[in-house]
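Residue numbering begins at 1 within each chain, and the chains themselves are lettered A, B, C, D, E and F in the order written.
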């Protein structure tokens, strides 16, 4: 697996586990709720993940962006669709979103390359 | 028409016209680009309007929220779907988004009531 | 009761009820969690409400500020302590927080006056 | 004087006085520092006020915007220059800044009209 | 000393010194004021540091978070209390705060481990 | 050339090219508009770059800050003037801007050192 992807996932898992081990009820429930939010409902999971992504982009959180990029990839968002999510984020959030878009594009390319490489 | 909706639209039109009359090229092009962003492409216009809405909610801009609520209404987003957009915005953006969700719910109800009233 | 306080509370209750009536599980649970967050735990409720207030101030949400001002008032935060919460918010968040501090001061004075008036 | 301008200034003065009367040293010094920041130095006061305005616009604080619009007006910023400050704010901050630009344009027009009316 | 803690402190000291050497009066006074803000007053220093931390978390500034974590540690905030500060930050600020919470948890563990190691 | 400056520029160019190769019309036009925004107009390019910098600082985007620092350097902003831009950003945006100011100062020093070194 691509090193940057692996590192991101490993740190994420390790620290989530560490945080949850503290038994703070509010945090545990929020983490739980977070997972439920993106489950298929009136809207398909794919749409919800794109909503999560665009929200993460305008709030400019690189780790949240990576997470939703992974989920969007699993939900079979195409690169053309992804560019349109990027365009909404950049228009609403302004050019301040561009550096995050650069890193998002790079990570998206890694995710896509990942599959080709694995096949 | 509902008074609050009318007021919002009138001020919006009046000031857009005033701003554009100043002939600042960058602003004129940005306004133009804004309209293009939400046109049907790889993603349907309905999805793009929901993306615009969730972005406006986490950035907490009531006027932008109203604008995208109107567009979502035109694109036939159902109230159940709307609640899921609200849920993503509130989970990603936190409880700081709740007061904006209250005003969004109220405006959405006005938009829905609007049609019933007009029929 | 002071008119501005009453209006704030009434709109808040009415719209919370309306939102919760939609039966969106994620939103219902988040609202629930919100209440639990400020309950006495390792930290006293008073401290937690001040934490909620300072967070609302630097994120600049007037309605959230009002809500936590009410709770701080119930938890017997003194005006001197309140000014120190304001000072942290203004130093961390910058002068952009000043207009919100003006409205917070006004609302705090109303809450304090409220009691005198009721007595 | 225009009613909206008067109201803004009156509330501002009244609450500043109220806040400063609390004798919180940090807040008093920050208010003081705020005034010093925009004084002529290596950069002219006019440039500094435009810097303060663009910062207020991308952080989307209407009251801060109004304050710096007044100062820019005093410093003889022309409407053409003002539109370029608006354009930077809208490009960097995105379309989320547009509603604030509408209100800024309206207030700027009031300030300009103010003078004509007074003459 | 832990390498990450040392690096953070060294860069912080070096650049503060460099910035202050420029003799910009506003910046010097703001730095000064910053220190005064967290001194014991009507509220204990411990409470003020937690206020500074929660504000830094919802504004999502990792370096500010680290700084206040260090101060909270000095003020003897317990890990249970710390988790409650984290919970307020995550509820108010939303899941966008989670990645910063992961890094905060890691740094907190380092600070706690630091002492054990030194003993 | 300084390694950190080179790395920043290389990644920026590479990813801009990659993003633009996707032929998303909205993004292409926004990138274009971005360049036009800072061209000499009613305001000199130097002033506009300082406006872009202060906006990037209060929105706390390190890459945007670096970009505008480079442009300011090209436009012959002096270090004394730069410190005043920093002071406005820190006063308006608060101490949360300090860590970004540290990195900005470091990058500015590199840019200035760059020239001496090249001569």
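One rule holds for everything that comes next: contacts are C-beta pairs under 8 Å (C-beta built on N, C-alpha and C of every residue); 3 or more make two chains touch, one makes a residue touch a chain.
All of these numbers come straight from a predicted model, not from anything done at the bench.
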item: Chain pair with the higher count of C-beta pairs in contact (B-E, A-C); value: B-E
item: Turning angle required so that subunit B lies on subunit C, C-alpha fit (0 to 180°, nearest 5); value: 120
item: Selected pair, out of B-F, A-C or E-F, that shares over half of its residue contact pairs with C-D; value: E-F
item: Distance-maximising chain from subunit F - centres being C-alpha averages; value: C
item: Separation of mean Cα positions, subunit E and subunit C [Å, integer]; value: 24
item: Chain centre separation (subunit D, subunit E; CA means) in Å; value: 32
item: For subunit C paired with subunit F, centre-to-centre distance based on mean C-alpha positions, whole Å; value: 38
item: Length of the line joining the C-alpha centres of subunit A and subunit F, rounded to whole Å; value: 27
item: Multi-partner residues of subunit D (at least 2 other chains); value: 26, 30, 33-34, 37, 55-56, 58-59, 64, 80, 83-84, 87, 90-93, 95-96
item: Graph class of chain-chain contacts, one of line, ring, star, complete, other; value: complete
item: Touching residues on subunit D, where the partner in the complex is subunit B; value: 60, 79-80, 83-84, 86-87, 90-91, 95-96, 98-99, 101-103, 105-106, 109
item: Subunit B-touching residues of subunit E, taken from the complex the two chains share; value: 58, 90-97
item: Subunit F-touching residues of subunit D, taken from the complex the two chains share; value: 33-34, 37-38, 41-43, 47-48, 50-52, 54-59, 64, 78, 80-81, 83-85, 87-89, 91-93
item: Residues on subunit C engaged by subunit A in the complex (per definition of touch); value: 25-26, 29-30, 33, 36-37
item: Sites on subunit B touched by subunit D in the complex; value: 11-12, 15-16, 18-19, 22, 24, 26-27, 30-31, 34, 55-56, 59, 61-64
